[in-house]
Every structure is written in structure tokens, then in C-alpha cells.
């Protein structure tokens, strides 16, 4: 599982989070022994191991914290009880996570008006849920999908949204400003939301937001609350992962041009001032209300050691 | 030649202009007959025919006007004289055009400071000339080149600039805002410059300009004066060509997704307020001085019929 | 009462809210029967009925929730007890609401400096309370009042403020930018405050805010906390009511020009980024702190079903 | 005629200009005497007299200069010759002026695209000519017309454009930002264009321009070149006329509220940075090219005494 | 001590706060008598006296409130117990305050990236702590320090930061925009943080923030939470102190130019929209989260009487 | 004279220009010989020598070109004739230059309205002429003068303007944004005006312009046309001179802090978009009309060698 997460075979912040919860449950089952203290120690090792697999994914440690809290808050009297606690917490997380996307879809769809033309970037389950719900409510028919180089996740989004019945127009990333004039609202997903309301998402998101701002187009982010990053409260920057340059031009071209550097950052940061609202499963909030979510989820006093 | 221009085998506004001038010269040679009037009429037909091959290229009619002016201003006494006039004007245009790129390179390079990091979009001979000259002057070493989907002209630029000795970093188009913070100046070419100083160039240019403006990065356009569009004075919008959607995702994908529309605009329009200077072979001007260039080249009174 | 509210005979978010509270009290008195369960059911019907009278007024359901909470939280043992609970809650709301305007006046007035020239739009009791208090404190003497077409509520504001001793200058709505250069601060009321800090108020408010932003003029909103809209947390847009076109040009003109459509939106939405502070009876807050108010008033967990 | 101009019975910069030209012609006819010098002196008195009738109208002195130039440049040998010169110049100006509106209509219409939704403010013959031409070309069907308080010239525009076949929606001035999101382009007329490209037009124009800028909507001004103000080159501000307060609220209301000041500025100034293009009969130019027009019309050296 | 604070011999919001806490402890020791009620009354007099010494320093009343709360929350049974309570609270505050600067240094340093060039204004212990920590972590080497006229606190900052090992470049205040292009981040301290996230700091701070915003440079404020001003919630403006004009030009120049007024405001106000984050000892927050800090420290209900 | 110019004993672009003209006249007088060719060669050497004394002053080569043109355009038949030509041209330049400041004062003053409060930066004869003229016209009474560190030219301006009868308020440079809200217009001088309308002036000018833009305050530049830089047309950046660091903190402080770098740039560049008008002796123009002035003064064709 760790390999699958690390190698990006498991993709998407939500799927990674659920995979981590399930990995913890399976690791718990696999424990052999009778000492509850040893079990807790073992599980903490597993948690640490999983955490290190994708250091930039905020949803991963949040999911692990959710599951591990069940052990920490009421230490089990027996290994059996501990296993059950982990199993139930993991299961609860998976249900919560899947439910969150559905609720986001419903809450977000209410933000749209009849006839709205929408643009999206990359593929996000939460953003797609909003668009599908808005389409079912008869509000949204047309959506521009950016191809999202280099991995072309836009093609996935185009297929998913087209299957959901929307009229999809696929465009190259560079055409974002050209088509922005026809757009009423933008919706994207998020990999992480920082304490100051900035959103980390697939590279290119910030430039869509900039072009939307320039044209007075509403820009929404759909994000489950376990993507809010408590570490940013203590000053940590969300690290930007650089992926394999071969995704951009292929290894042949790179080999043929040894003097040309090729850089492939996976994410960029959209500042809060370009974001009109973040749609979470707990409500539609201003990005500046991100600290409220963090405070509610993690408490103020737990920020510092 | 017309087919070569139309089918985009001849690419780049400068090359198209020179090809048109040469095509006129060759057509003149091919004329059989002795009546100068018939010759002029024939040449006007050829000119009209060439003009229609790429209706969106501003440099094309400007080159044709340059050559044909030799006939209109002093009607030849004989076909022979007419052929010579066309031949000389065409030759003069080609020399002027090639020279213009070199002069732009030299004038533009003076705008840079030692250590400047530059970004460019698409491939433009004039922009490359500026970067090469600035590099030879020891001012510029590093340049970010955007890949410029869907036709990846950025790869050509990367190779050309790397061969010229610059340290090239190739990036996906979406990463434009991520890397803009490291950049001191942007330089791009132009397909056309409108009377209000707006620049028509490869799609994506306007979003680079927007991101440069946001970060207080100077944005320069390198453009020969025959790219200034007199038609925009009389109200014409520069038409934006839509190219084959298969350039974006390939025809297989399109066939497999019949309900997804794919749009592939070739150009976009960058407003003058995002442009710090246009580097022409006649000097470095504010985009708002575009009418001066038009007035000098075409005269005020000739704008209207 | 319902008719009075619906027909806009009762106007102003505060008055509507108080009228609703009183209507509930009167409806409770009118109940005949002894079964407390039937009483509650009856009251809920009345509440629902009142709620539907002005679907766009946020203060209406908030006032009704305030009163009805007295029944829901501790179900009465008898009808008599229920009637008393409703009566007392309604009375408490009316006192609170009237008091709120006074407190807003005092808190808001402290925001002004001696000699400030102020602009206002439409007529708002809360904004007028702030201006009167600031005038009594010797801080504000001059106020620009926009006429606020089509119903000319600016004329009411002009009279009220002039009676309060201020020097009033009445101007047409279109002159907003012309006079903005002379203005130090703007203050307006609100019909509703959304979870993202956006303010819904009489149409034209957003354009005053835009012109104030352009000129670095502070823009304040005076709003009681029962105007904060909890429904916007669950994604609802505050609906914009369209009123009778005859208010704009008269029915004769409309009849004489059957092909001309006349639209008369009652409100518009001012984004939080144009608002410097919202003055509530609980303190002067940033619009971005709207979720705090909502959380305190309604609790986080009650947002979702 | 002077009274008609002064009392605003003759309205609109174009009509005023033509009326002034015709008044000069009639005054010339009325001259009795044989001394050409006396005739010139007499005409200069008439010109001065007309100039003073509406000191804020730029088109008035420009029209007078046009006609009087015929006398100044080649002083007539006889009164008869002088009268003919004046008559012909006046007639030429009237033809030119009427023709200018038509040419502006044609040039401006080319700036629009199929399906554009347009907004306009006040009533301007030139702007209406553009919209009618664009409608005839099948490009524009829908236009928002602001009522333009206090004199409601928007109602004239609504009727004229509706008669021309457009679908007209009349809105209150305050709703400008509410509807701006549905608009693709704005077009207005001008009373004067200053040397720095700023446009003086009916009060409220600048706030439409601001809202258009905020929403990335193109803002065009339609203006004949005789509205360009050479006096602004020598530092004069275009004076803003204040009209009768009774236009705003009626004299009864004013009498009943003696302590309320009512101000009624006729014009405001839209800065060049909010204007995308000025459509003149000589071409479509950037507002920053206003000095070019002035230089061509009046010459550089004539700016100073 | 009061004199030392008032006369600015004790400078810096942190030092003033600690001096006030210690003054309270010493005043408590000096009390002679046995009646706990008289002791409390005496201490409240002392507190009031201290509060009045520097009315503009937010940290002063906050420190006094912290210490006095120990008496108010659990009234002492004896004077001895009261003295101990004051002594311990004062001591706790001093420790907390010194610790806060260290924690801010550590949290803030994490916000920087390797190679960041930083600018700072005036001298702030908290900002210097951040820069020193970032330097120790190998992230920051170069810092621009503005001289900060008229009292030249920048020279202190230059020395402190140079001693800490950073490469310091001292520049005149006016050169802020010239050098901003070389800067990656700005960090300054604060005298007070208002409820709407605005920061009051040494005059000139707001213009640095404006230039940073223009150039997309991150702007951070380092501030202990006892600098957050609860009074601004009830509408109070943070008053801007005007200091001795002789600090600007010397008393000789002033005497020689009696007709020239010289003004020397000590602080200015930087609006929240120009601030990317406030680094407190409780975490790194958006300025818009200031109400959260205030709510946590002082409670919502204590804002109003 | 050359030393006086280089050592900044002669200060101000206008004085430098006149000093250069006079130096040429004196050098001409000093020539001994009879060969007109030798005289021209000698004078060109002098011109070159003078040009190199202050390479960053645009007015210097412009003044020299003005005088030397008299020799180049009509080569003198004798040394005597040459001396006379130089003498007359130098004298003409001095008269023109002094006259220019007066005309600028008069033209600029018309731009102001009664009661305008003005801010200025550094000391400029042209800006002071405008303010004095506006004061004489009864329009301007109050002016904020920034001290203009490090050389405190603001103190000169304060004295000059106070002597001219204005109410002067002297403020530290850092207080620019604090006082901008009270200001209606800003006026400054210029050291050079570039072809794209950017203005080079005393460091700090660009940050005043930025703060003026933020507050919708008009920003004017007063500049004689011989400050327009033809070299910028051919791509040259106007070089920014760095002056002695000891001007900033004194050489003692520098000696005591050897590890602190002190930088003292003399000028900065204000982009055209922050400038509302440039007041020249030839009229009040938009900065975007700078090319017109250059074209008129130097001709288009002379831009390139």
C-alpha cells in the first residue's frame, strides 16, 4: 500500500487518505502478540512509515491522525480491543470521506445559477461531484475542461463530466484567458488548504484563479476538511513536489538535449484573495475562515509542542 | 507557395512575409505578355490570391502592400520595367525583414541588465535574437521556456536558445505563475500589433503577461513594424484562427469521445496595459505608440477608403 | 401582518424582523385549545407561513428562529406556558433588536475621525444611528446621500440625517464617482450578510463600494447580527428579488414601449474585499469574521441536517 | 440660436456644433456693408458671442474654428467672397459632421462579435449609430440601457435602439454592476476628449467604466474628432457644469427641505486607463493616441500663443 | 517606571509590557496595610495610573489586564496572598513574553525558503528573532534594512542582524520600491493588531507593504498575541501618536522656519489585504483570523459592557 | 565647469543643461586658430568631454546637441562665424530653458482646482514654478513636502514654497502613505523622461506615485522637453547612479560597521501607468505621448545610426 501511494498508483488526496486508513486497519489485523502497549507502539511505527510515503499529501497524516486518535484517546485494555478500535476508526473515516464528497457536491451545487458556464482544472472528485449535482439540478450544462499538462488529468475530467451529461469543451491550458470571458464560475479541487486560506492544488490552478479574478469570475475550491493543513499553523510551508521531467517531454527528448533543464512542479499555491469560497462538507466558507475549521478539527492548543 | 503558406508549412510571421514577397517576384517573372496594364492587373490578381491564403496573418498583406506599392506609385512604362520594380521591391523587403530581426536583437538586448532571468513563450525569431544578443553581451544567462502546447514550439525555442549558449529551463505552460517569481523580464514575439497597442500572439501569451503584471515583471514584445495592423484602425478585430482539435488530443481520443468538444484557438490578445515596451527595428516604443508607427508606415489619410 | 410584510408596507430588515416576532406573539394569543403539542404544531405552521411571506429577507427567519427556539428547547407543559414563552421571547427579540441599533450607533461612531466627510446609500436605521452618534460626538458634519432610485429611499435618509443636524448633500446615483474624491468614509446598512462576508443590500451598494475601493475610502456596513445568513453556509445564494418595473419608469411608459424590457433588481451583492468593517451590536469585525458570528449564533453543527 | 444652445434646447455635442456652424452662415448673410475687414471683424464678434453661449461644450469652439479658418487663412477680397467662404465652410462642416456619425457607426460595428451583449449610458448619436450598424450586421441583438438620471436620456436611447430592432433592457443606474456580468462590451458617446485621453461625458459614465474594467468588459467611446479638446493641451481642465438641482428632486422637495443641498453635476471624467478604444470617423484609436488626433487637427505649434 | 514608559526611555511594545508587569509587582510589594479589599483598590489605582502613561501602546493595557486578572478572578483572602498572586502573575507574564519572541522566531523561520532575500523596516525584536532563526537554519543570508527616519531605528536593526551573521544592506527609506524587485519576503514587527487584521506599526510600514503587494512579495508581521487590541472590536481606532517635530529636522531648523509646519506621526496603519500572515507565538495566522485570537484571549462576551 | 557638473556642485537637470551650453560658448571663445574645420573638431572634442562628465543626466547631451546642431547643420565659413553661431545657440538655449520653466508653471497651474492640497517630493524648479503659479491664482494654499533623504532637498523645497507664500507641511519620507489621504494632487520634477513615458527622478518618486495611484490622487510630472531621452528609443535603459553611502549614515557609522553594506541610489523609475500627465513647456501631455515629443524634437529617422 505504501508503495502504491508513493508511486502515485493511488492518486487523489481523498483516495490516498482512505488507502492510508485501510492500510492501518490491515496492519492492525496482522499484529501478532498480546501486549496492548506493544500493539500501540507497533501501530505508531506503521503510522510513521505510512506518513513518510508521500510527504506532501496533507490528507495522509490527517487520515492517520484520525485513526490513531482512537488508540491514543482511550488506550485499549487488550490487543483485541485495540484492533477493533482501529478497524472501526478506519471504517468510520472511509465512510466519512466518501460521504464528504457527496455532501460537498450538494452544498456546492446550490452556489450555481441557472445557465452558468463553468471552467475546471485537473480532475477532482469533489469538484466533479459539485458539477454533477449542479447539472442534475438543471443549473449547469456547459463546462470548459483544461487538459492539465503534463499528465492530462483533464482528459479524465472531460470523460467523467461528459458521462454525467454535461456538455464538455476541452481546451489547452494556455487558452485559459481566451475562454475565461465566456465563463461564469470556476471550480477546482485542492490537495491542501493552508491556515491562511491559500490552496495548494495541481500546478496551473493559481493562474486560472488569477485570470478569473481579472474577469470578475467566481472561483470556488471544493475540499474535504481533512485537507486543511494544521502544520501550516506552525509555520510550515506546504512543500511543492517536483515530479519526473520525463512526464513533460519524454526521456528521449531529455536525453537528446542534455543541456536543457526540465522542471515539473506538481502543485502551485493559490492565494486566498483569489478564492471566493471553499466548499467543505461542513459548509461553504470564505478561505479566510480556514483557521475556524482547523480550530474545530484539531483545537488551538494542540498546534504547539 | 500559397499552399505552403496556407498549410502552415511556412510558419512564423516573418517567414510568411518574405515568402509572399518572393512569390510575387516569381509570379512577375512568370508573366507572359507586353501590356504593362495587363501586367499590373495580373499582379493584383496574384496579390489578392496570396492575401487570401492566410487571412489572419498581418505580415502577409503588409509585405504584399510593400511590394505592390512599387507598381502603384510609379506605374511602369513596360512589362520589363514592371518586373524589375517587383523584383527589386521584393528583394528589398526580404533584406529589410532579415535585417529587422538583427536590429531588434541589438536594440532589445540593451533593455536587459546583468544577471536578468528571462521567460519566453512559443518560438519567435525576434525574441530569440534579443535573447541571443543579450547573452553575447554577458547580460542574460538563464531563460525559462514554456513548452507551448499543443504544437510544442517551446521545444524549438529551447533548442535554439540552448545552442546559443543560454541555460534553458523548460517548463509546462501551467507552471507559468509558479516560476514567475524567479523571473526579471519576459520577452515574446508577435503575430500582429493592433492600433490600440494590443498584441496578438500564440495562445497563452496573454496569461503570461497577466502573471508578469501581477509580479511587477517587465513584459516586452519583439515585433517588426510590418506586423502592425493598419486594418485595426478601421475597426477590424484581428481574427483568431481555430486550428485542428487533433493537435490537442489526437484524433483517436476525439473519435472515442464524440460528445466532448475540443477547441484549439491559435492566438490570444494581450492588452497594451500588460506590455512595457514593443521592440521594433525602428526603436523601442510603448505599445501606446503603435499609432505612430502606423501613421508613419501607412499615413493617416490612407486609413479610410 | 403577513400581507403587510409581503407587500412591503413593512420595510427595512429590522422592522420586518420585529413585525414577525410580534406576529408570532399575537398568533400565540389567538390559539384556542389545551393541548401543548397542538399548540407547538400550530405555531410551527404560523412560523412557516410567515417565513414564506418575504423569502429574501434574512432577518425574517432569524427572528422567527429566535422566538420559536423558546418552544423547541424546552417544550411547554401547558398551552399557557407556551403562550408565555412565545410572548416573552418575542418581547425579548424586539428589545434586543431596538437596542442593537443603538449599540451599533455608538460602536460605529468611534470609527470616525473629526472632520470626516461621509457618503451613504439608501436609508438604513443602523447606518443613520452611526451617523447621528458620530455627529453628536462632533466628528461628522457633512454627508453625501445618494437618491437611490427607483424608490428614492435616499430622500428619507436625507430628511432623517438633516433633522439630526448633519449638513446633507443629496446627489444622483450616477454622481457617485464624481463626489467620491471628497469623501473619507462610506457607511451603508445591510439586508443580509453571507458566510463569506459578502453583503446583500439595496441595489447600487456594490458600485459605491467599488468606487470607494478605487479611491482608498473606507467602506463600512452597519448590520445587526440577526442579518447574518446561516443558510449561505450550506451553499444557498441569497436570492435577489426583482421588483415591479413600473417603479422604474411608470406603467404608462412601459405600456407605450412594449418591446422594451425593464428590470428592477432590489439588491446587489458587495464582495467582502470591498468592505473594511461590519459594525454589529457585538463589535466591529472584519467581513471575513462573519463565520465567527454565525458560529456563535447558530453553532457549527446545526448547519447541516 | 445662441439662446437655443445656451438653454439646452439644442442638445448633444454634434447638434450644437452644427447649429453653431449654421448660425455663423446666417450671421454672415445678415451682414450689411462692403468692407471685407469690417466683415471679418463682425464675424469674429459673432464667433466670440457664440463661443460664450455654452462654455463647456468642446464641439462648439471647434466648429467655430473650422468655419472661421476659411476667413483667416485666405482673407477674402470682398464681403461677397467672405460670405461665400463662410457659407461653404459651414456647409462643409455640417456635411462632415453628419457623415462622421455614419462612418463611426460603420467602423465601430466591426469591433463587435456575433452575440455580443452591450451596455450603454445616456443617449449618444454616435454610440447609437455603432449599435444600429452592429445590429444590421447581425452581431448585436441585446443592449442594456441605463435610465441616466436625472434627465432620463436613457429612455430616449431605449426607444431609438428598440426602433432600430434591438432587444432593449432598461435598468436603473444603480444596477450597473449587477448586470455588468452579462455584458460583453460597453459603448458610450463623449462630450469632450482631453489631451491625455480622458473622456468627459454624462455623469455616471466613469462609474460604468470602472465596473466594466473590474469585469474585464471592453469599454468603447464613440466620438467625432471635433470633440477632442485642444485647450486641454495647454493645461485647461474641462469644466464640469452643475445643472439645476430641481432636475434631481423637483423644486417642491427642495423648497420643503431648505437645509438639504442638492448637487447636479452634468458630466464626469473617465480616465484613459478604463477606455479600450475611441471610435472616431478617422479610425479606431487608443485613448492614448488622442494627442495624435489633436496634432493632426490643430498642429503642434498652435498649442501655445 | 511610569515616567520611563511615558518618556519613551522604555521602548518597544514588548519591553513596555514587561515593564508594566514588573511595575505592578513592585507596587504590590510597596503596599502597607492588612485589608485585602484596600489592596485590590490600591492595585486598581496603580493599574489605571500605568495605563494612562502611554495611551497608544496596546501591549500596556493587555499586560496589566493579564496581571490584574489574578486578583479579579480569585480575590485574595489576605494581602500577603494578593501580593504573591500579583508577583507570580507578573513573573509569569515576563516569562511568557520573552518566550513568545523565541517561539515566534522559530515558527516564522519555517516560512522562509533557502536563498530568500528579505527586507525589514524599523527594529522589532520579534522580526529580528525570525530573521536570526531563519539564518541559523541556513535559509536567509541577505536582508535589506530601511534606515527608518526620523529616529533611525533601522541602524539598530542593521547592527543586530549583522551581529547575528546576516549580510545587511542599509538603504534610505525612499529606496524601498527600487530594491523591492530583489526581495522575496518582507518581515516587520507590530505595535498593535486591530480586530479587522490591520496592523499599526512604525510609520512607513504601510508603504513597504504597498510596494511588496505591487511586486507579489510576501509580507509578514511578527507580533505577540498581547499586541492584539480588544478595544478595536468596540469601534476604537488605534490612535496615531505625533511625536516631536524636532526629531525630523532639529529645533534650529524649525526655529529658523517658523512658517513651515513639521509633522512627525509615529505610526501608520497597514490594511489586512497587504499582509500575508501574522506570526504569533500561537501559530502563523491570516490577518483575517485576528478575531479568533481576540476571542480566545478575551472572550466574545467581554467586548461590551 | 565640467568639474562643477561632475561633482554635483551644479545641481538640477535644468542648471546642468544651461551650464553645459554656457561652457560650450566659453570654450568656443577660447579657441585660437583660423581653420573652421579645426574649430568644429575642437568643439566636438569639448562636447564629448562635457558629455562624459555626468553620463546619467539626459538634459546634458540634449543641451549639447542643441548648441552643436548650429555647427553641424550649416558649417561655418570662418572660425568667427562658428564662434558666433555657438554663442547665439548657447544663448538661445539658456533663454529657452529659463522660459520653459515659466511656461510650465503657467500651464501646470491651470490643472489645479481651488482648494487643492498638494504633495511634492525633492526640489524641482519646474514643480515649484507650477505650485507658485497655482498659489498666485488663488488655487493652492497647502503643500506637503517630503524631506527627501538622504540629501534633504525637501528642506530647500519647503523654504522656497514657504517664501512663495504657501502653507508648507514638512514630513518624513516614510509618512507618505499616512498623509496621502489628505492630498488632492502630487507634482514632482523629472531628471529624464523615457520613450515609454516612464519618468526617472529622485529616488522615492516611484513610491509616492504608487501611493497616489492607490488613493486615486492625480500625479503630475513637470519636465522641460529637453529632459526627454532619445537614447531610450534605441533601447538604452536610463542608468541609475549610486551616490556616496556616507550621504546616508555618515562615514563614521560606515567605518564602525564594516560588514554592513550601505546603498544610495540617486534615482528610481516611475512607470507611465502611475503618471496622469507630464507638464512640458509645449503643453500638458499624457506620458504615453512621450514619443510624440521625441519625434518632434529629434525626428523619427534619427533614432538609429
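Points worth noting:
Note that the chains take the letters A, B, C, D, E and F in the order they are written out, and that residue 1 is the start of every chain.
Assume a residue touches a chain if its C-beta (ideal position, glycine included) is under 8 Å from a C-beta of that chain, and two chains touch if they have at least 3 such contacts.
If you're wondering where the values come from, they're calculated on a predicted model, not measured in any experiment.
Hopping across touching chains, the smallest step count from chain B to chain E is 1. Distance between chain C and chain F, defined via averaged C-alpha coordinates, is recorded as 56 Å.
Distance from the chain C centre to the chain D centre is 42 Å, each centre being the mean of its Cα atoms. Separating the CA-averaged centres of chain A and chain E is a span of 38 Å. Among all residues of chain D, those that touch two or more other chains are 214, 273, 288, 292. Viewed as a contact network, the protein chains fit none of the simple shapes, being neither a path, a ring, a star nor fully connected. Chain pairs that touch, as defined above: A-B, A-C, A-D, A-E, B-D, B-E, B-F, C-D, C-E, C-F, D-F, E-F.
Interface of chain D with chain C (complex): residues 147-150, 155, 158-159, 162, 167-179, 202-204, 206-207, 210-211, 214, 240, 248-249, 253, 257, 259-265, 268. Partner chain A is touched in their complex by these residues of chain D: 180-181, 184, 214-216. The part of chain B that touches chain F in the complex is made up of residues 103, 106-111, 113, 273, 276-277, 279, 282-286, 288-289, 292, 296. The touching residues of chain E, when paired with chain C in their complex, are 195-197, 232-237, 271-273, 288, 290-292, 295, 300, 303-304.
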